[in-house]
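Note that chain A is present in both complexes that follow, paired respectively with chain B and with chain C.
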Partner chain A sequence: MIDKLMMSLQFPFVRYALIVGVLIALCSSLLGVTLVLKRFSFIGDGLSHVAFGAMSIAEVLELTNNMLIVLPTTILCAILLLRSGKNAKIKGDAAVAMISVGALAFGYLLMNIFSTSSNLTGDVCSTLFGSTSILTLTQAEVWICAILSVVVVVIYILFYNKIFAVTFDEDFAKATGIQADLYNLMIAVVIAVIIVLAMNLVGSLLISALVIFPALSTMRIFRSFRSVTICSAILSVFCALSGLVVSIAAGTPVGSTIVAADVLMFFICQIIGAVKGGIRV
Partner chain B sequence: MALITVKDLSLGYEHRTIAEGISFTVNAGDYLCIVGENGSGKTTLMNTLLGLRAPIAGQIITGDGLKRNEIGYLPQQTVVQKDFPASVYEIVLSGCQGRCGFRPFYTKSEKLLAHQNMERMGIEDLAHRCYRELSGGQQQRVLLARALCATRKVLLLDEPVSGLDPVVTEQLYKLIKELNEEGITIIMITHDINAALRYSSQILRIGGDAA
Partner chain C sequence: MRRFVAFCIVLSMMLTIAGCDQPQVETYPSMTAYLAVPEVYQTAVTNPQQDQPVTAEMAFTNGENGIDIDLTVLSSTMVYSMVYCMLTAPDEYTGMVVKMRGLSSSFHDEDNDIWYYACVVQDATACCQQGIEYELTDDYACPDDYPVDGQDICVIGTFDTYLDNGNTYYVLREGRLE
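On to the complex of A and B.
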């Protein structure tokens, strides 16, 4: 098994997969904490479906680079959803459900009508579950993922204190002159970017898991925002790496193996949390 | 020019008006107490002053170049989710955020200020505890320390002594008075009429017939 792994590492696409996997796992866990605490996890779910719809349009148009359509569409929807989520008159989650299910149906329909591919079910399946897509990344895609991930991490570090203030108590933040709306908007845009990135790794149906599991796991054990953020990043990277390694060695689908690792970690953290009653850090 | 001038203000939610015809002025260095029975609209008035909700009618004019990030605020209730991981120190320090503008990190002096205010509220030893595991009175003190961090010109307090024991209540009134003497303008909602009479320079009554 080790031999097989070593041999695989000689292929550039395997190395790309590992690099991109780690970066994406890092990004997705960072905002997971905010998403979970702001009760926005449903937005992540909705956006991933939107990204699927956009992906099908891109596929139908046969663009060389899908990101050109998927990224702007998802960002736009993130902003729209955030707006509607705040508006008490239109129920936020109803709007999300409408958009996400609509995008899913529309995307599949488009692919069915226009696709020239002989293996339609396979295409759809890999967009939804990410099956092997991470192993088929081109060098250009690796670069885009790497650059976007670094941008996300830098933004997160620079705005960490503001994100905390807005997440903890939005009213206080607004009352004391913090531009909460601006930062909410920024959070929505960054989430959209992360979702589009993560789609490469685990496919659109499993993104939410990648985003919320590390946060939920560490929140069981740690008691300060900073330790939860740092540890969920570490946990997420660890799960992504082990998931990737296992999937390469055992030939299992990448996305579901990573998510399985996240779920396993969640239960381990539950147990630790229950036993220790929380470490105070 | 007064710090805050309120002219003929009407408060309410959607189409239901709760209080109308509220007019008063607050000058720099004033100590204003707002009293009134439950549900008369005191909290709503404060939220409107803070710009968290729009007035139904009337005007709020700020003067003396008062900026939003010079205001400290203690909410009556902070709905913090049960599972929010945040240490006391992180929360108190977040009161300094308004001073930062677009600067990403806190300065040494802001961190010092957070420690000083925790000391003032007697919660220095709780600094690394998790907020949601504290008692109601301890939580109130954490939020007060955060409000003090944000205060540079005006401090708005919505029932600051609710949930505090008599000793801390007395300390808090003294502290607020000291701040007032240092030149901070205080606007405080309270049900404690005796304290209002003893410390404040003006009393505003909301609701009833004297509105």
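On to the complex of A and C.
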């Protein structure tokens, strides 16, 4: 199996997949901590379904670059969901569920009625589960993913303190003069970008795992926000790399294998946390 | 205020980058830089050392066991991805000897009485599949000596493309079954 893996690394599309996979895992884990603490763990699922619906529209319109529709649509929905706040008529989880299933059903309906592909089931399945999407990236797509990932990381580092403040106590942050609404908007936009990128890695249905599991795993062990964030990023990258390598060598679906690695890591962290009683940093 | 302006600039950059049109000619993952591709697989050029034009027959002895791309040693995930690359960037692989394993599938054009045979590969979840047409050598009688639909086959042939009614098709020529 080692020989097979080393041979696979000779293929450029394998190296592209590893690079993009690491970057996506890094970005998703950073914002995953914020989402979990703000009780918006399922936002990834909802936004990914919205992205799927937008992608369906782009496919029907036969756009060369479906990002023109997918990214703005996903960003708009992210803003609607995360900025609706306490005064929304339809609250958090209900809004996510409504938009999520509606977009998924609408997208699949559109693709069936206005099918432009001879293998509709395969295309839908591949988009939903991300079986080989990450291994069929073009150079242009790799560059786009890399640049957007770097921008996300830079934004997170620049605005780390503000993100920390609005994550834990939004009302207190507002009271101290922080423009919480603005930073919530920023978080919503960044999350939407990450979701669109992550669809290439694990598919629409499994994105939540990429966002949630690294944060939850590290919370079993660490207590401080900084420790959880850093360790979450490390674990997410490790699981993404492991999942990619195993799927390439063993011929398993990429998305499912990465999520399986995340789940396994969660149980390992759960055991470590139970044994050590947590490490206070 | 400065951070808000910086955020707006970054957001604009992100949307601009994401909205960039893909170039008309995609730079797809290429194998030529990573395989020892003999010059014979380019155009028929004169070998400066031998001062003789090289031919396709000499090519079979250049690769290991006469094969340049052996898909049978790869996992199903890799095979699907590799075939995808070959079909989206065929110029990079034209002329290469390919060995692949998959399921045989056939189609009979009754109007022209032509049989088309393809070797189909599936991804890991088996919900996506794609294939490459193959043409066996004259040693095989069509359709009697050709595999039946669904038969697991291993075919070796030279990758090539051809145009038919304005569509580009991909084929393994001078193929043999193993």
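Note that in this section the second predicted complex is superposed on the first by the 277 of 281 C-alpha atoms of A that agree within 3 Å, B and C clash if a C-alpha of one lies under 4 Å from a C-alpha of the other, contacts with A are read in each partner's own complex, and residues count from 1 in each chain.
The criterion applied here is as follows: a residue touches a chain if its C-beta (ideal position, glycine included) is under 8 Å from a C-beta of that chain, and two chains touch if they have at least 3 such contacts.
The model shown is predicted, which means the values in this text are computed figures rather than measured ones.
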After aligning the two structures on chain A, examine chain B and chain C and state clash or fit. fit
According to the stated criteria, A:250 is in contact with first (chain B), second (chain C), both, or neither; which is it? second
Figure out whether A:147 sits in contact with chain B (first) or chain C (second), or with both, or with neither. second
After superposition on the shared chain, which partner residues are touched by A:158: those of chain B (first), chain C (second), both, or neither? both
Using the touch criterion from the header, give the chain among chain B and chain C with more contacted residues in chain A. C
Is A:176 in contact with chain B, with chain C, with both, or with neither (first, second, both, neither)? first
State whether A:8 touches chain B only (first), chain C only (second), both chains, or neither. second
Gap in Å between nearest CA atoms once chain C and chain B share a frame through chain A: 5
Once the two structures are superposed, pull the chain A residues common to the chain B and chain C interfaces. 158-159
Considering only the defined contacts, which chain C positions touch chain A in the complex? 3-4, 6-7, 10-11, 13-15, 17-23, 26-31, 33-34, 73-78, 80-82, 84-85, 88, 123-125, 127-129
Mind pulling up the chain A residues that touch chain C in the complex? 4, 7-8, 10-14, 16, 64-65, 67-68, 71-72, 119, 121-123, 125-126, 129, 131-132, 135-136, 138-140, 144, 147-148, 151, 154-155, 158-159, 179, 182, 186, 189, 193, 196, 247-254
Touch list for chain A against partner chain B, complex: 37, 39, 157-162, 164-165, 168-169, 171-178, 219, 222-228, 278, 280-281
Which residues, counting only chain B, touch chain A once they are in their complex? 47, 50-52, 67-73, 75, 78, 80-81, 83-87, 90-91, 94-95, 97-98, 100, 104-106, 128-130, 133, 146, 150, 156
